[in-house]
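In the two complexes that follow, subunit A is the common piece, with subunit B as its partner first and subunit C second.
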Partner chain A sequence: MIANELKKRALELLADGTVKRVLGWQKGEFEHDWSPALFETAEEMKGFVYGKYAGANLSKYCLKLNKEEGKTLVMLKPCDTYSFNQLLHEHRLNRENFYIIGVGCKGMEDQNGLLMKCTCCKGKVFELSDEVIDDEESRQPMPEVDRFEQVAKLEQMTHQERFEFWRNELSRCIRCNACRNVCPACTCVKCVFDNPGSGIASKANVTDFEENMFHIIRAYHVAGRCTDCGECSRVCPQNIPLHLLNRKFIKDMNELYGEYQAGEGAEERTPMTSYTLEDVEPGIVHERGNE
Partner chain B sequence: MQKIGVFVCWCGSNIAATVDVKAVAEAMKNEDGVVVSTDYQYMCSAAGQKMIQDAIHEHQLDGIVVCSCSPRMHEATFRKTAEAAGLNPYMVEIANIREQCSWIHKDIPEGTEKAIILARSAIAKLRHNMPLQAGTSAVKKRCLVIGGGIAGIQTALDVADAGFEVDIVEKRPTIGGRMAQLDKTFPTLDCSACILTPKMVEASQSEKINIISYAEVEKVSGFVGNFTATIRKKARYVDEVKCTGCGLCMAKCPAKKGKNEFNMELDNRPAIYIPFAQAIPNVAVIDPEQCNKLKNGKCGLCERVCTAGAINYKQEDELIEREYGAIVVATGFQPMDVNPLNELGYAENADVVTSLELERLMNAAGPSKGTLLRPSDGKHPHTIVFVQCVGSRCDENTKRGKPYCSKICCMYTAKHAMLIREKYPDTDVHVFYIDVRTPGKNFDEFYRRAVEQYGVDYIKGQVGKIANENGKLMVQGSDLINGEQITIAADLVVLATAIEPDPTARSIGTMLTSSMDTNDFFTEAHPKLRPVESPTAGIFLSGVAQGPKDIPETVAQAGAAASKVIGLLAKDHLVTNPCVAGSNELLCNGCSQCEKVCPYGAITYIDKEVRGPGVREVRRVAQVNPAVCQGCGACTVTCPSGAMDLKGFSNQQIMAEVDAICL
Partner chain C sequence: MMRKFAANKVEDIIKAIPMPVYAPIEENGMVQYDRFEEGAKLNLDTCKTEKSPKDLLFPQWEDMMHFRMEGKTISITEQERCSQDYVLFGARACDLKAFEVLDRVFLVDPVDTYYAARRAHGIVVALACGEPEDTCFCGVFGIDPANPTADVVMWKVGEEYYAEAQTKRGEELMANWETQEADAAALEPVKAEIGKKLAEKPFANLNLEGLDGDHMMEMFRSAQWKKLSMACLGCGSCTFVCPTCQCYDIRDYDSGKDIQRYRCWDSCMYSDFTLMAHGTNRPTQVERYRQRFMHKLCYYPANNEGLYSCVGCGRCVRKCPMNLNIVKVIKALGEEKK
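And now, the complex of A and B:
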């Protein structure tokens, strides 16, 4: 079983001093809600779990651990490795501070069944790892689906319908900031929304519409860097389909600048921050906006 | 509290006709910090500027807002005005109430309301302005000329004459450009080659001019005074130094099916060739598409016959990187492709030719050695029809050609008609025209000579169809003056084809961040007052790259561009723009996005100890080199944290402007 093997290997690496701590999962308040957890001793490792409720992407938690003395063992499912790799591209993590175990994944669940992000699985490839612990079943590909289907539906709507769709969805937002705090692309030292000097926070709170803008601004800020890990929608207590905003950007970028997956491979091309003579003219982007 | 002065300009009636300037000045008196607000007919005049200076002294102003034309027009003027009165020039803001307001509104209350909003927004920005100090940067004393036609050659000669080094980068194997292909030139009918080739020789012999032929500019970075260009010198498979231009290789080359580009593909040339006898450099080039040795390794004849040992089949492209203070765009033109205009039958009929093809057919160095013979059967044509405005002056919606007038066609058609009637008086020459446009010194006299002395038959009307009937080209057109449809049975039809910018212009424009119009002609910094400068500092425009023009105009503009280049290169230092970016290290998260978008390479990342309230650690942070930064602002909009900010256009200033308009 993967979980047992993981635990065994983590204990070995702790014991021989390769790593100082282990970033994994432990049981949470609910049966279906396992939380990210840090283990520093064999004793603490007794609480370690891995299985179908280990949906949380641990990449974001590495930011803080990057500053700690000694290596951290981090367990990354295939899709999580894209987030970790993207953070490496952005110089937010040092590779040598982490020992990465790639963990086989059969699709993660919550109380409602398969997670949204697992319904359009990125595949079973690990972008990076020091070793992989998986089994035959976890290597089987998930069924292929069109991840842009819902975005395409939104694009079919009239301006007014789309505006109302988002007004309705975002009206439930309680500004708990969970989406931002879990997002592996949201890595600012100080978020503009927390910085009074930026003048944005005060404006965003003035009316309910401005508060909705929080999500749109956030989508802009992570455009081109979002790996579509789906954590924003997974953690939203109000079930707002926030990933659709990011996915719209991804779809547009794919169509305008060619297929691109943030966090994939070595960083050779970043559609939003690189410029080539073949790039579409801004007018084409504008025309599409008027469709 | 700041003391702000507001000065509303009438611009004669340019602004005052659609904006109630007095009402604008009156309204601004109520804005926070405004201690004086007034209006004047011409604020940029000496009297207007003195009015501003007097107010600065009298009211001890900390900043001024001038409500006038676009800052591109007079921001520099008013900054100088303020500086002379002891005010920091960056405490001046311009509210553009002309281009963006009075010119586009017809209704006075509407225009006035907008002018008030724009003025208010400028005041809101000014409240956050800080005095800025300009620095200096050194000027690289070398000029790059892109394009080696008459425009590029003339600019290079003039710049070199002033003592500066010039590199001409020409994409073809020889300089000379389109002018080298022409037979005679209007209105004096002197031979094109006789006046061009001495200039080509002069350029090649100048110690200051370096001709980089068969080469293209691949990349340009930097800014005015400090450009770095990467030039790809394509492999010509011939050593330029060793080749003597003897032409033996051309005679021996067995692959003689290459289309002769210089003769507009009317005849063939060998795989190894010198484009024409007077080519500079007079060095052969191998066409890799034609050469058997390069294609399949079977030949090598030219290498064997070359006594100079100049042939090198292994030659590779060479990348040259050089620094320049100024760049001149002289990329020229090509005739538009007339194949899509089906009714003119260009694609099907060898005897329907373009005017540039006719130049080669009439040229002593052309395929028929200067005897006018029609391409299909080599016979002398007895009836020739010219069709003007082919692809020019078209309705943009029809997508059949260019909306503009190509300017040179009326004159060269008159020239062709006259030369043919002179040399072959037995030939009937008819010209279909929409209008005959002859503004230019001795131009109308020239055209009248064609009609009156040489009896050329000018028919006002357009051609609807050209059909081949038993070897005769039946030209159907309308004669508007006689009000009838006519058909002329012609032996040769000449299409006065529209000219369009060379296809490389678009990518060069993008490389230079130099703006272009919808037709891909380069845009001037000001259409009337700065016609040879691009809006991008340090980029100058020469010849047809900027718009259709004839040889005298091109030469005049080339000289004007050269004088602007000389003016720039004569300076040792340039005053830099103090509106540069800077990073707040406490907010920077080290993501490198700003570094990626910076077109000038002004941003680097360093590991640095960052100190602030509750923070003391080593972080990877962005640093801006103010000497290299051009203040484009790309980094500030890319930075998700708001750590990057631009002096003079800070996030705070821009938000204040937006708030003043929207709230």
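And now, the complex of A and C:
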């Protein structure tokens, strides 16, 4: 079993001093409510678990651990490695501070079944790792689906319909910022929305329209860096389909600049941060708009 | 006096109430307190709404006043206070106990007049919890979901609702409801069943021993906070869905010509919470996390004759994206005591 092997290997690496701590998952109060957790001793490792409820992407926690002394062992599922890799591209993490075990994944669940992110899995390739612990079953790809299907539907709507769709979805937002805080692409040391000196800092805004703008601004800010890890939608307590905003940007980039997957490979430049003569002109906005 | 009516008549009763009614409404698969309007999907069977009815008394954001500069004069327009009676329909025992917790914050000197007006104009119709959820642990705090305190209390008995006015306002409200006389004795088995169900829930036997105002420093200094808070995102969802969380911020929105002063919920889980000129006194998420639970289980009871400011509604258990919650805190700190 992957979980047993993982635990055994983690204990070895702790014991021989290769790593100082292990970032993994622990059980909760119910069957399904696992949490990310840090283990520093063999005793603590007794609480370590891995399995179908290990959906949380641990990459974001690495930002904090990057400053700790000694190496951290971090367990990354295939999709999580994209987030980690993207953070490396952005020089937010030092590779040498981490020992990465790529862990085989058979699709993650919560109490409502398969996670949305796993319904459009990027595949079972690890972008980076020091070693991989998996098994035959976890190497099987998840069923193929078109992750842009819903975006395409939104594109078919009129401006007014689309506006209403988003106004309605975003009207539920309570501005807890869980989506931002969990996002591995949101790594500003101080988010502009948390800065009282910025003039737009707001826990809740004066109008709900301004509130809606938060999400659009955030989507712009992570465009080209969002790996589509699906954490924002997973954590939203109000079930807002935030991934659709990000996927719209990804789809547009794919169409206008060529297929691109953030967090893949070693290339640090993104379509948004590089210029080529073939780049579309700003006027494309008018050409592509539909009524 | 106990009255009863057929369960399928409940919408008619709500529609006949001659003032705004706020009730649990289902939309997009989520049940939230909202204004009942023709066509809305009433859901009285779900015991735990996503957010609590706290919003009715203390909305997530509200206008307080406007300032406008014209030449050299500044005009100030104050927001009007709530002046119309309304009904909160279907509220549960835990959420109503939470109103008591809020009252002790907003209604003491200096009284918060925005809150006070809303509180005074609200008529509360409570509903006993026929189906407590796995995350419910109100009983741990001495709350009885079978006997809420309100102007009118309702119980579902088979395909009927039993209803009883507990205050004069409740009697007035019920005066024009179409009901029949009922025998209160029929409620006893229903109440007993609720108690039995709650006692079988996973958190029914949480032990609060050693967690109170008298153990402040031991709780504060516990070595466990670091581990407990490790996965916390600082998102504040737990504070926003919590019926007793009461912190707010007052901000000015400056459009250049005028200023809108508004109040919005704040959260001790946020990095800029009570930020002062000297910086912040809770520099990391460990201290922020500790603050939330110390407030619920220690500071508040220390200042309010032992009353906890957690009512065991279990919303933070259900909502935390990282599955951290007050139950884990109670277990971990309680364990230390043994």
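Note that in this section the second predicted complex is superposed on the first by the 279 of 291 C-alpha atoms of A that agree within 3 Å, B and C clash if a C-alpha of one lies under 4 Å from a C-alpha of the other, contacts with A are read in each partner's own complex, and residues count from 1 in each chain.
Throughout what follows, a contact is a pair of C-beta atoms (placed from the backbone, for glycine too) under 8 Å apart; a residue touches a chain by one contact, two chains touch by 3 or more.
Note that the structure is a prediction, hence the values are computed from the model and not measured.
After superposition onto subunit A, partners subunit B and subunit C are found to sit side by side with no clash. Looking at the shared chain after the overlay, A:221 reaches subunit B, while subunit C stays out of its contact range.
A count of residues in subunit A touched by subunit B and by subunit C gives the higher number to C. Judged by the touch definition given at the top, the superposed model places A:28 against subunit C, while subunit B stays out of reach. Judged by the touch definition given at the top, the superposed model places A:266 against neither subunit B nor subunit C. In the superposition on chain A, no contact is made by A:1 with either subunit B or subunit C. In the superposed three-chain arrangement, the CA centre of subunit A forms the vertex of an angle with the CA centres of subunit B and subunit C, and that angle is 120 degrees when rounded to a multiple of 10. Of the two partner chains, subunit B is the only one that A:188 touches; subunit C does not reach it. Of the two partner chains, subunit C is the only one touched by A:37; subunit B is not.
Of all C-alpha pairs linking subunit B and subunit C after the chain A fit, the shortest spans 5 Å. The contact surfaces that subunit B and subunit C form on subunit A in the two complexes overlap at residues 190, 195, 199.
On subunit A, the positions that touch subunit C within their shared complex are 28-30, 33-38, 56, 61, 172, 174-178, 181-182, 190, 194-196, 199, 201-206, 234-239. Residues of subunit A touching subunit B in their complex: 67, 90-92, 187-192, 195, 197-200, 221-222, 270, 273-275, 277. Per the touch definition, subunit C reaches subunit A in the complex via residues 28-30, 50-51, 60-61, 134, 202-203, 227, 230-231, 233-237, 240-241, 249, 251, 253-254, 260, 262, 264-267, 270-272, 275, 317, 319, 321-325, 327-328. Residues of subunit B that touch subunit A in their complex: 507, 510-511, 586-593, 596-597, 599, 605, 617, 619-620, 638, 640-642, 651-652, 655.
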